[in-house]
Every structure is written in structure tokens, then in C-alpha cells.
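Each chain gets a letter, A, B, C and D, in the order it is written, and its residues are counted from 1.
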Amino acid sequence: MSAATPPALTRKDFQTDQDVRWCPGCGDYSILAAIQKTFPELGIPREKFAIVSGIGCSSRFPYYMNTYGFHTIHGRPFPVATGLKAAQPDLHVWVVTGDGDALSIGGNHLMHTLRRNVDLRILLFNNRIYGLTKGQYSPTSELGKKTRSTPSGSIDPPVHPIRFALGCGATFIARSIDREPKHMVEVFHRAAKHRGSAFVELYQNCNIFNDGAFQLFTEKDTKAHHVLPLAHGEPLVFGREHEYAVVHEGFQLRVVKSADVGDDRIVRHDEHGPLAYLHALTELEDDPDHPVSAIGVLRAVDAPVWDELLHAQVESAIERQGPGDLQALLTGTDTWTV
Amino acid sequence: MSAATPPALTRKDFQTDQDVRWCPGCGDYSILAAIQKTFPELGIPREKFAIVSGIGCSSRFPYYMNTYGFHTIHGRPFPVATGLKAAQPDLHVWVVTGDGDALSIGGNHLMHTLRRNVDLRILLFNNRIYGLTKGQYSPTSELGKKTRSTPSGSIDPPVHPIRFALGCGATFIARSIDREPKHMVEVFHRAAKHRGSAFVELYQNCNIFNDGAFQLFTEKDTKAHHVLPLAHGEPLVFGREHEYAVVHEGFQLRVVKSADVGDDRIVRHDEHGPLAYLHALTELEDDPDHPVSAIGVLRAVDAPVWDELLHAQVESAIERQGPGDLQALLTGTDTWTV
Amino acid sequence: MDLPKRGALPSPESQTMHDIRREPAPPEIRDSLIIRFAGDSGDGMQLTGSRFTETAALAGNDVATFPDFPAEIRAPAGTIAGVSGFQLHFAGRDITTPGDRPDVLVAMNPAALRKNLADLPAGATIMVDDGQFTARNLQRAGFPGNPLEDGTLDQWKVIPVPLAKLASDATEEIAELTPRERERTRNFFALGLTFWMYTHSPEPTAAWIRRKFGEDSALGRANLQALQKGYDYGVTTEVFAHRVEVPRAELPQGTWRNITGNLATAYGFAAAAQLAERPLVFGSYPITPASDILHTLSRLKNFNVRTIQAEDEIAAICAAIGAAWGGAIGITSSSGPGIALKGEAMGLALMVELPLIVINVQRGGPSTGLPTKTEQSDLLQAIHGRHGESPMAVLAPSGPGDAFEMAIEAVRIATKYMTPVLFLSDGYIANSSEPWQIPDVSTLPSLAVPTAAEGEEPFLPYARDPDTLARPWATPGTPGLEHRVGGLEKADGTGHISYDPANHEHMVALREDKIRRIAQDIPPLEVHGETDADTLVIGWGSTRGAIHGACERLRRSGHRIAHAHLRHLNPLPANTGETLARYRRVLVPELNRGQLSRILRSEFLVPAVSLSQVRGLPFRVTELAERIAHALEDA
Amino acid sequence: MDLPKRGALPSPESQTMHDIRREPAPPEIRDSLIIRFAGDSGDGMQLTGSRFTETAALAGNDVATFPDFPAEIRAPAGTIAGVSGFQLHFAGRDITTPGDRPDVLVAMNPAALRKNLADLPAGATIMVDDGQFTARNLQRAGFPGNPLEDGTLDQWKVIPVPLAKLASDATEEIAELTPRERERTRNFFALGLTFWMYTHSPEPTAAWIRRKFGEDSALGRANLQALQKGYDYGVTTEVFAHRVEVPRAELPQGTWRNITGNLATAYGFAAAAQLAERPLVFGSYPITPASDILHTLSRLKNFNVRTIQAEDEIAAICAAIGAAWGGAIGITSSSGPGIALKGEAMGLALMVELPLIVINVQRGGPSTGLPTKTEQSDLLQAIHGRHGESPMAVLAPSGPGDAFEMAIEAVRIATKYMTPVLFLSDGYIANSSEPWQIPDVSTLPSLAVPTAAEGEEPFLPYARDPDTLARPWATPGTPGLEHRVGGLEKADGTGHISYDPANHEHMVALREDKIRRIAQDIPPLEVHGETDADTLVIGWGSTRGAIHGACERLRRSGHRIAHAHLRHLNPLPANTGETLARYRRVLVPELNRGQLSRILRSEFLVPAVSLSQVRGLPFRVTELAERIAHALEDA
């Protein structure tokens, strides 16, 4: 590990010579571009980055980044990344995963990674479909969705990635959209800075098998009405002219016309707010007449970081007991000599 | 399946000739007794019950119930039970699991079972420890807990079973305590009646490896101060003399002296309330000075039931297309005759 | 449907195509032909190949196909990595493989040409869309210059056709489509043209387009138009005056269709469940190349098929086990990585002695390996890949059509012996196709096995059928049969937990014996070829066609060689040992590093010699024949 | 610590026990003795047995132990199912097994007596707590009457001692304890008494109690008191006038301790990581009988050991893989059901060629099976239990102490060849113990292997060492070595994804070759026994002691028989084939249904004969000797 200031890096430094093999038009491209923009801005030497992914279209990501990369197996990037941090505490590890990878086969690992607060940035490319295996429904697909494996419509209500992350006690939760490059970069910067697990859901379009899944939130004429950008301490307002505002009612949040309420009634976003507030925020999506998705950093709280605690226990043991004396260990207390 | 009214069953009908092999004093005994009391009261023929468990002390449960029983493998009772319901829709299936079984190795299956709303009653015996493997920490063990596998204290913040269930979209969530036989029976009756996944957390004492984990909520002199019994529509009050009440503040709930607030300020329990309310309810446990655990039915909402939808799709296909004509299927559209 | 007249468009009422053909010169008759379509993943090559296959089959040819596509959904357009291919062998005689080297290559772009060139024998025909040979595409494909011009292709017969341009022109009148969309009909144009060249009728494909896209949709009309114009292009253009006709093959009498292995597998299990008079519960998790079984079964709901796309492979098999306990035919399917995850649960199924079916559509391994390629490298895993002594029955179909029959066989064994069964298909069987004689359903055997019913005695869940050693299948819901099962060792009879050493020894032996007894209940191993042969070539699974072809070829050149093919791998047919003993040499060609050969050596102490190929591809008949011949010289 | 004088309490300053013994009659000298302690799971039998073992070892006996406990934490008190046992063989000569049938049984209650009776040879000594023979306890144990009175025990020498009563009396003065707690010190009372009977000193146990409970704690004092009073009871009671002494064994010179296999395994890997100068990252999920390795390693934090109790076995192995990629010694451990879950990830480790260690402490299978019993039934799974062609190195220690050495060997092979290694221990090795000569750490070999460093050339993550075929171990964090790995087939050299058939064939062969080359780098198979033997008995793993004992016995009775024992199972030592070929007969005793014998048959075409036992228990020397003798007659 070199102590000198690293030379400034550029986007090019992070590109590889491998052909990018996503379908033309896939949302994955813009996410890759946003990461390639973010990484050189972080002031971290290239060799300190490691990207760990599972299996899926999205999980091809490491091949296109000239960092250390590990394309593991389906659903398991989380424990691999955890082990890597256990070996090398000062790496900057990013996990790239899909809705199937992270929430179907890998759901348990995601849960435990989040509750442990392992120091990882987790980018979940949510396209609400299985891309790589050609179009089966995923755990985030809508109820009733017709896919190759559900010709009569899916009968599984979807899991909500952010509610799930909240239920697991995640300390950093954010969301962005493949079609919002600047917003993505901002969110990635925030994620990079978080100590512990930074969970980022990315709405990602799979134009081959689930085109337009997030249309409401990406199309010019609708997005302003349906996307609520969050900023800590700022009021919850949105719309092209900030014509919508969010107010608090009982245990719920409600979207109203900004014109109809005074500024003081508008809820201000609080990244450290109670779980209940964040749940209410996600429930805005459920309004059938006017679904609203919050983007940005929903939650960011400080908490002990798993791998720091792990290494601290080792260090404190060495401090207290001295570095392990193998001969003494093997000898133990009850011996005899022949 | 017999159409006649089944003869009234008694507790004895549900007992087996197998020696019950839990440690003397284990909380599992009283849960078993409560189930043996509940089952005959449900008016369901004995052969319609199936109990499916994973692996753990608690998962020995099926051997002690004279119903159909399947002691499966660690963490997997959920999909086994799901498959059983797919085969036999009208069975009354109970899953018995432990905190390790359901939340460590089986966490993903639990998540998907809950979000699908499979028609199962799920009893999670939470003793905050691995009993069967002799005392390692479990996912519900407190941070810093010293166990055989964490001699310097655990570094994993625990997962909260009820918050997790909420995050997974569970439609029925309840909690009871091994030391409250009557309360357990009530909760089991409610769970039995729920359509879909009924998730019940049971505080269970492992007197060998984690004695007194729930002491605050079970001991004569403390329990009234720390246990909040819920009843739908009723005010949130507790204490020996109902001296405590719960009021609503921002997105949070707060415990106050009943004497200090008017009745109208006391929150009334709502089993169909928003997620945010339920989250707030669980946050009462986090008050270091006065932790309060709610018991009873936290949530009970109506939602489509996975196995009903599954069978409905089959039936509707048969209705629309007629029962499958194998010869026609095999023949297909493009054939030739030699 | 009866066989349409070769090369003539029948004109049913619904016929929308006009017939502008003049009478062509009589075609050259050829015994068989191998054609390969290749293009970008997005070019519809699999569809094009399937349509040609269907048509050839309808025309009475024997056919065998080999689709070969990349792991990426759509690798960058124009690159080698993105090339998708479909090879088809059609013949006027019984054939068993998709053929080694194509007589004809249809290449939609430079990459497709470059990737497939090495496989083409000198003199082969190459049809290319020369409009795609732009500087950019050539570079992407890695050609230094333009092969159409620089002599690279001198040894082949090249027919350049500006397919995209022609297709676009052909569909000009369909105003709803963008030019790009019109160009994309070029695969149908190419198809029409090849139909002309090989004297096949475009009508089955026209009917298919009408069914698939609707007669009036813009896309439907465009595709029909492109197909017809492609055909017409053949009729009117001098270049194509030389046509080739492959006569009908002499297939056994009956009604035939073309079928892929995955489809036959799905149909076979759906049929088996019907024959067993039980619902089919299918728990699966998508994975290449097994997913199509899930897709197919999920459409068979009115056959009382209940499909579950589980959260992972473990949940999938556990759901199937739960269903089997509940009296259904419980099936799970996967491929390599997913099968690896199912090992623990397979152990549970065999401890509780339930009739679970596990389908493994093998692919190239280890690890994620080569997801879209074929391999036979999971045999030893199937037999030994669980902890503890855990014998399971293992079957393997020997081709696409055989998958139907073996699926029924799998359910028969599973339910009769109350044992889990592993069904070893592979990527080649899964996606390739062959003509299949449609069985008369009324002649299929009943697979109904009794469900246990309440008796006088206390119910013993581990009582035994004296012949099969099966325990009773007692379904939850049945009064009086309440019982408990689980993964701990069971006392024989009662099924109670037992840690008794003698009982454990007994149960381990019993589970082994149960599988061994199946050997008496399956067909003996048959040997094909000279009775005076001194060499036996023995294989299993999808290599049957290639081994058969190679042996035929060698016999024709005077080698005394016989062929036997295993479809039951555990237990082996009862006469396997004595059969092997009759030969001086035993050769075992496999798409792995000698897994069956290890089994034969250890079971029968015969010096079986492995002929191994692990390239992600099926054997080529000629290469295999050479390797066998070589082995014969060696020993 | 030097050897204390036999049977005398040394009196160091800290000594709190007063010595009231008169000089006893000289003891009978016996070559060896087998003692079994048995009682309820809650009675502390494992602890009692371990203390006796430790003491005998300290006294210079050779020892071998066999703990045997139920799967339940605490089955109902007083039942057969709840009986926990600990057998100890201590001898004045080199012994290799815990012995077949106990000379002495200490039974804490009727169930313990009943469960163990069948194992006792006539004339054996039985010490029972007759205070426990109440009607209720007798009924729970399933005795029709009271065996102490009805003649059931006539063929044995029964010594009834009211242990609970005596222990309670002995500790009366310790007022802090309830009567029940005082009674529970009876195991120390029994221990004290047996120390007297077998002329062992109670002092090491007294020291242990002081360390463990604290000298001043009520429990500490009570246990010390019970121990001393038990010893004194022997001194003063006529019944025990006859004592037995087992002299010191001639162990090789050096410093010795007693060690269990799980402890030796944990220490071995901790040592190996130190020798490799890398941190050890240990990912595991608790499971019997492997958990103690996790427990031990979690206490070695100051050895730079980082333990992770993962959420399941898959996460555990994946964490170890991630750690290995990160340059640590990545290790995971489990038993049957958990190992089954790790198959897919093992495939990943071998595709990315990382030095992962997988410890399998085998137990009775299949499925949940017999969790606390021993078995060798995962060998074929270890070798073949993954999808695709996925060769891994497989090692097996041959006893508790050997686990230390083989752990170091496993890390040596893994890091030198960059390959995953499977370490096959079993429940018997795990929990049993033997004297172990403490190695001089300074003589242990360095295992440091170079980490790749930035060079001139572009870095090739799949470049090869020409001898070992290892690829470089390039650790994330190192400038200039950025690279990508993954489970898809890799191009040799660059490590890029490759679907090229020739590359795949090459890589499959290369991965096989890499494992094969290890054979040149491991000790040859050694044969013990007559050079003119015509029969070779060959085994592997934990059965070494029993096979050795059986062969010795047979040689003494004139059989021409040799013994070889495998610790490397894949690859086999280079001379295995030629060794086998030297014998007319090859017999393979295994605690499974013949798994090694299958391997030997298939590899070398020798008619190896399996001598199988699958009872959840180790071989007994006498029985095994009989079976071998029988096999010799047969052939």
C-alpha cells in the first residue's frame, strides 16, 4: 500500500479492453458510465478498488472495470465480499448485483450483510426481470406479470428492496435511476463515503425483456410527477414547478399540491429519521392514482462497522495477549516429558 | 377426506408415544403444551394437520405431535411446506422453526414465504441462541454476546424478527412468550384462522445455553412493566395497574404515565395499520431505560393467498381449456404421417 | 396433417401467397445435407433454423439439429462472441446426428462467416449477406480485409446475396414498419431462398407466421412477404437454378413430429404424472439450458401441472420434496451450479424415501463454466455427489425423443421403488431436435401406484414391499396414517428416530439394495453390431447418435465393432458385466474425462479405455470414428 | 511439566488437599486397561473421561479415547437415549485404538448400565451408583427388575457405590450450594475413586479444577472436595484394596500432551497460517461434530485468526474464498449436510484457482443421519461430488495428532499449487484423543509463497508455474496487478472469459494435471508388516489404529499380512499402483460401503475387496481381525 498521493486518475484508467456485452440500449451502460465517472473522483488508488458481483447481466460489470474484480456465483457476492474485507480491511469494495441475484437466491446473504453493516457499497440493478436467463419474472416483478415462466401471470407479490433493507436494519439506503447520470454519480459519491453497508437500488431498464418497467419515472413527460428527489433537511417537494409537496398524516405521508399547504407543514427529509418515517416514504409508491418514488439517499446513519469490529478484536487480542506464541499454544498446560 | 363432522378431539389425540427429549426446564415444553391444547379446539380433523420443521431443538417438535409431521433439513421447512400446500391445498400446515433455522440459514426462504403469503402458520421459537449445536450465538443474539463461537463478544447487530417480517410484507405478525400459556393459545387460535402466512415469534427460554434471555418479560416483578399486550381497537396501555400508556409523537411512539395523558391521546392498536405504525411499535423495544415488547397480534391484513392463486390458475386453465388432452399435446401442430 | 407435395405451395383457402413460379430444372438428388445458419444473437438464427427443421421434417426427411448460441443475451453486434448458430442435418435415410461439417453455411454477417469458416469442408456453399461486409463490420469480426474480395474464400462456393437490402425492398409497402424493422425480416427472406434451393415448401412457415404474428399484423405481413420474396428470388435468379433435393427418409410408419429434448422432457413428465393419476408439482429455478422445461410446464396448467419458480434451487427441490410427501409427482430441474446446491436435499429425499425426480440438464463445467455448451461431466456427481451412503437411481435419455420415454421411466421407478431418481439430460439433448414418432397415448402404461390406506394394524411408515423394498406412500390428509418422517436415521418399520448401530447398518444396506433391485426391472443392455465383434464401444446419454454413426462407418470399413448404449446408469442393466466380458476391448467415448469408464472399471474390473472429449460440443462422427480406429490400433 | 510420581499427590505450595492416605498394598500390574464412564448427558461424563485421560497421559501411559454422546442436548434424564459415554484405553505400550470392550464400566444410573452391558466381557468390573437404582429409574431404563439384585449381573464384578449420597455428604460444609448441586459433584467423587483404583494421581485434576472454577468459588471447592473424598474413599474402604497399575508406555523422547483431533486440526491450521505468514480467515457455520474447530479458532485472535460464523455454509465457504482472493489463508469447515451445500462454491474456487481449504468432519449419513456418530462415507463425494470436471486435492488425517501435520500439509499443497484442498476428518478423530508429541515450532517448514508483484509485462493472472501449474496469487490492493476472475471458463494466461472449445479442453486437462502433479510432491505409500506378505490391508483416515491393531494381531497368529494407510486420497501417492500390484490380495476396511475400494479398483484394476462397516462406530480391533481372517480364508 503506497503512502504517496496517488496520481489523479481518469475515466480511461478504469476502462478495460473487454468488449461490453450487454444488449444495445440496456440500462447497464449508463450505470457503468456513472461508475467510471465516479471512481476517479474518489481519490482512491485504482488498486484499492475491488468489485465483486454475482451472476446475471448486471454481474458482468467487473469485466468492464479495470480494478480488481470477482465475478462470483449466483447470489453469493455478499459473503465473498465479506471474506475479502476480512482479509483486507482497507480495500474499497463494491458489490454489483441484480434483483434476482440479491433478492431471490441471494436474499439471505443480503440480509445478513446489511444487518452486520459490512463495509461494502452494494449496487442492486433492479430491472424487475431475469435478464441473463432470458426473461423470467424476478422477486421485484409485479403481481400478475406475464413472463416466460409465468404465462398466466405471476402469483407472488413482489418484495420491495428498500423495505426489505429497512427490515434488515441497513444503515445506508439510497435509490437512483439509470436514466439520471448526474443523480447516480451523486448517490455513488455518498455511498462511497458511507462507513458500513451502503445499499443502492438502481432502477434499470432491460429493454429486451422488460422494457419500460420504470417508464413513469424515466420518461420526460411523466417523471417530474412521479419522482421525489430527496435532500437531507430539505422539504419534500417535487414536480416540474415543485407543485407537489409531502405532508405528514398519522403514521403516513401524503402528497398534496404545494399551493394548498404552508411551508411549515411540508415534511423535511431526515436521513437519520425513524424507521417508521422511511417506511411511510416508500408507501407513497403504493398510491394507485399517483405513485411517487423517492430517489436519493433515504437513510444514512452511523453505526459500528462489522469489519472494523472484526479487526479491532484481533488487534485488541494481540495487544492484550501479545502476538500468538505458537509454541506455547501447542504446548498448552498439561504436558509430560519422556 | 371425510365429510362427516369429526369427533371432538382431545389433547391426548395429539400426543405421541415418543419421549420428549428437550432439556428439563426448556421453554419448548410449554409451547408444545399450548399447541396440544389449541389443536383439538380448532375443529379440524387430526389427519388434516401437518407440522413441518427444520433442524434445531425446536424442530424436534413434529415427533411429539400425533399429526403428519416432517422434520426436514436446516433452514428449509418453508419450501417443503410450500410444496406440500402446492400438492394438497386443504391441509392445515404449521411450520416450527428456530431463530437459527428461520433467520440464519433459512432467512431467504422465510422472506419469500412471507412475501408470497403462502398459507402456513409459522412458529419461530426465538431463544436467541443455537441450542442443538450447543450454544453458539444466533442472528437474534445481542451485539457483544459471548458464546462458544464468540468468546470476545459477537460483532453482528441482531436481526429483529418482526421488523424483518414487516420488511418482507408479512400479512400476519404476532408474538407471544413461552411463559404465557393462555396468551399463546389465544395467539395460536388467531394464527390458525389467518388466511396466508401467519408469522408468530415466540420468546423461548433456553435454560441451558441462554438462560433468562427474556427475563424482563417473563419474571413476575418486571414483566408487567415491560410487556405491552395488544388487542385490536383497544388502547395501548400496560402495567399492573395500566399505569403506562403509549402515545404518538411524530413518527414515533412513546411510553408515558397513563395518569399524565388523556384517554384520547392514547394510541389504539390497529392490526391493519400502516407499516410505519408497526415499525414504531417495535421501536419501543429499543428504549434502553424502559424497553417494552408488544405481544399479541401486531398485524393481520387480508391479502391474496399464494396457494389459492396457484390452484385457481390450474382450475381456471382447466375450465377454459378443458382438462389436458395428452394426445393433442403430444401431437402439436406440425406433424406428418408415414 | 399429411405431407405436402415437395417444393410446391399447397393452396388452401387461407392461402395468401400467389404462386409466380415457372417450372424449374429438375433438382439434383442428394442423400443428405447439412446446413448451418449463423448470425448475430439478434438475427433470429434459432428461429430460422427451427423453421427449416420443421419444414424438412414435414417433408419426410429425417432431421437432427444442433443449436449453438452464446451465453450473452446479446453480445455486441457484429462480434464473434455474439454469433449464434443453428446446424441442421436432413436426410433421406435414418440419421443420428446433426452432422459434422456443413455443406451449406448461411452467414448473416462477417463475424458469422469468420466464426464458422474453420468448420466448412472445401467446396461447401456459403451464402452471405454481402451488404453487411462494411469496413466496420469486417473489423469487428477481425477480418484484415474483405474475404469476399481477397481470395480468402477461394476454396468455397460463395453466393453473395444482399439480404437486408432485398428484404427491405420486399416489404416496402408495409408502411407501419421502420426501415430498420423491415431489414430485420431478412432471416425470413433467407429462409424463403433456402427453401427454394433445397426444394422445400415455404407454406408450413407461412402458416406458422400467420399463427404466430397474426395474418393482419404489420410484422406478420412483412415476414410473409419476405419469405415469399426470398423464395421468388430463388425462382427468378439464375444463380439458383441448381437445386438440391433430399428425398424422404424411410421412417417407421406412424405420425411424426419434430421435437427438442427439453420439450420431450417436459411432455414426458406431464404424461407420466397423468399416467400416475397424480398432480405434478414442479419446483425450479431458471438456469440455462434447463429453463425451457419450466417454461413449457408452466403452460400446462390444465394438465394439473403446478409450477413454482422458487427463490433458489434449494427451495425448488424442497418444494418438490414437500409435494412428493403430499402425494404429488414432485420434480425439480436445474443444471450444474444449481444441481450442486440440491445435494443436501436429495439426501433428505432418499432418507425419507420419497419419489422425487431431479432433472439435470448438464452443461459445460466446472463452476459457471460454459453455460450454453453441452457436456456429460456430471455423471459421477449424480452417482456419488452426496454426503453419506446415498444411492439414487440415475437415468439418461439418449436423444431428444428418448427424453419422453425416459421421463416416464423415471417416474415409474421413483414411484414403484419410492426413491429419488436423477434424470441426466444435457445441453445438446435439450436444444437439438429430431423427428419423433408420436406415441399413441392409449398404449402408454399406467403408473398408478397405491396410496397407503388405513388398516387394522398401527400404521408403519417404513414397512416394506418384499419385492421392491418400497415403503408405503402415505399421504397427509389420510385418516389413521398420521406419521412423522425426517432426515435422522430411521428405524426400519416404525420410522422412529434410531441411533442403533445395527439398524443403521441395516438401513444403509437396505437403501443400497433397493436401488440394486431395480436392475431386475429394466431392459437388459442391448448390443448393436456384428455378433463376432471383438470391440465394444459403450456410451451413455446424448452421444448415442454420434457413436452409432461412428461405429457404422467403421463397420463399413471392416472393423469388428459393436455398440451398446446405457440409459440406466444406476443401477446398470443386470447383464452389463457379462456383456462387457464378451469383448476383448471396451472403449468408452464420453463428453467428460472418463466418468462412465471409471464406473465400468470399478464395477467389472474391465480395462475400459476412455475416449474423452471436453470441448463443450458434441462428438463429430468422423472425428470419433478416427479416434476409435486409432484406439483399435493401439491395443 | 514433569511427570508426577504415580499415585502420590505432589504437594506444591498451592496445594489445598491434605493427604490422609496410608500406604496401600502393591497394585496389580496390567499391560493396559479400558475404562468406560457412562451416565446421563447432564452427568459430565465427557469431562470425567477427559480428566482421566489427561491424568493417564501425564502419568506416561499411552492413551486413546472414544467419546460417544447422543444427538440431543439433554434427552430425558434416566433414559437410554440420554446416555453419554466416554471410553478410554490406557496402556504401558503403544496403542492405537480406544479398545474394543471395556474392562471397567462406571455407570452413573441404570440406563447407563443397561446401554453398555452388551459391550462388557465377562469378568469386567462394574461400578454403579446404587443410589440411583430406584423403581422409577429402573423403569425408565427399561429394566424389568433391579439388576443389582436379580442376578442379571452375575457374570461381572459389581461394585455398588452410592456416589450421589457420598458426594453430597462430602461437600456438606459448602453451604452456598443446594443439596442438588452438591450431589452433582458425584462425577468428581467417582473420578477420585477411580484414580485411587488405578493408581493415578488426583492432583492434575485438582489443579484443573482450581484453574477452571477458581480456588475459592463454591463450585470449585465442592468439586475439589468431592475429588479428594472420592480418592479417600478408595483409600479407606476395604473393597478397593485391590488396585491396578498400568506402567508407563515407551513413547518416543520429547514433550507430550494429550490432544483431540478437532483441537489438533484447529492448531494445525493456525500454525499453517503463521508458517505461511498470512492471516487466517475462517468462515464456518456450526454443525456437529465440526463446531469445536470454530470454537477453538475463535479464541486464537492474537494469532491473527479471524473467524466468521456465517449465516449458512454457503456464505461460510464464500467468505473463505473471498479471503483467499484477498491473500489470506481461507478456510471453511463443516460436516455432511453442510458440505453438501458447499459444492457449488468449491467449483468456483477451483475455477478461479485459489488456495481454499475445506474441512469435512464426516459423520453418519445420509441426510441428517447420525449427527454425533462417525463414518467415512464422504470420500467419493469429496472426489467426485461437484458438477463438471472439478478435481480437488483430498487429504485425510489418520488420527487426532496427525490432524495437526495434515493441516499443515493441506495449506502447503493449496498454496503451492493454487488449488482448493479438501481435508477429510471424521467424528471419531474429532472427539477422540491421543498423546501427541509437541512439535518444536522452530523445525516446522516455512509455507511462505510469493505474492505476485508488479512486473514489466502486462499482468497475466492465469500465467503458469511450469512445475506446479500454479497461477500467481495476486492480491487486491497491489498496484499494477488489477485483474478479473470468475466462474466462467477462463482463457489460459489472460484469464479472460473464453468459450473456445480448444481452450476449454486444455483447461479441463490442465486442472486435472495440476492435481496429478501433486503426487510427485508427497511421500510414497509406506507398507508396514512382513515383506513376504501376500495380502495388503489398505485403509485411509481414522481407521489407522484399528487396522494396525488388527494386522498386528493377525501377524502374531501367523498371517502374512501387511498394512498401508493412505493420507493423500487425491492424488494417490505415486507408488500406489505398483504397491498394490505386489500383493495377491487387497483388502480395504472402511467405515462406508467400499468407497476407497471403488477408487482402487477403477484406478488400478485390482480386485480390491471391501470390508465395510457402517454402524456409526469405529472398527473394533478384534472384530476387524476376525473379518480380515475370514476374508483370507475366502479368497
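Just so it is clear, a residue touches a chain if its C-beta (ideal position, glycine included) is under 8 Å from a C-beta of that chain, and two chains touch if they have at least 3 such contacts.
All values reported here derive from a predicted model rather than from experimental measurement.
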item: Centroid-based (C-alpha) most distant chain relative to chain A; value: D
item: Pair joined by the larger number of C-beta contacts - B-D, B-C; value: B-C
item: Between chain D and chain B, distance of the C-alpha-averaged centres to the nearest whole Å; value: 39
item: Distance from the mean Cα position of chain B to that of chain A, given in whole angstrom; value: 30
item: Gap in Å, rounded to a whole number, between the CA centres of chain C and chain B; value: 45
item: Gap in Å, rounded to a whole number, between the CA centres of chain D and chain C; value: 48
item: Multi-chain contact sites of chain A, meaning residues that touch two or more partners; value: 55, 71, 73, 104-105, 107-108, 111-112, 139, 152, 310, 313, 317
item: Per-residue overlap in chain D, given as positions that touch at least 2 other chains; value: 81, 301, 311-312, 314, 337, 344, 347-348, 352, 367-368, 486-488
item: Contact footprint of chain B on chain D as seen in their complex; value: 42, 72-77, 79, 81-82, 285-288, 291, 294-295, 298-299, 301, 307, 309, 311-313, 337, 367-368
item: Touching residues (chain side chain D, partner chain C) in the complex; value: 70-71, 81, 314, 335-341, 343-344, 347-348, 350-352, 362, 364-371, 373, 375, 377-378, 380-381, 383-390, 486-489, 499, 501-502, 504-505, 508-509, 511-512, 592-593, 598-599, 601-602, 605, 607, 613-617
item: Complex contacts: residues of chain A adjacent to chain C; value: 19-24, 55, 57, 71, 73-75, 104-105, 107, 130-134, 136-137, 139, 148-152, 208
item: In the complex, chain A residues that touch chain B; value: 104-108, 111-112, 115-117, 139, 143, 152-153, 155-160, 163-169, 248, 250-252, 273-277, 279-280, 283, 303-304, 306, 309-310, 313, 316-317
item: Chain D-facing residues of chain A, complex; value: 1-2, 16, 18, 45-48, 50, 52, 55, 62-63, 66-73, 76, 78-88, 90-91, 108-109, 111-112, 310-311, 313-314, 317-318, 320-324, 326-327, 329-338
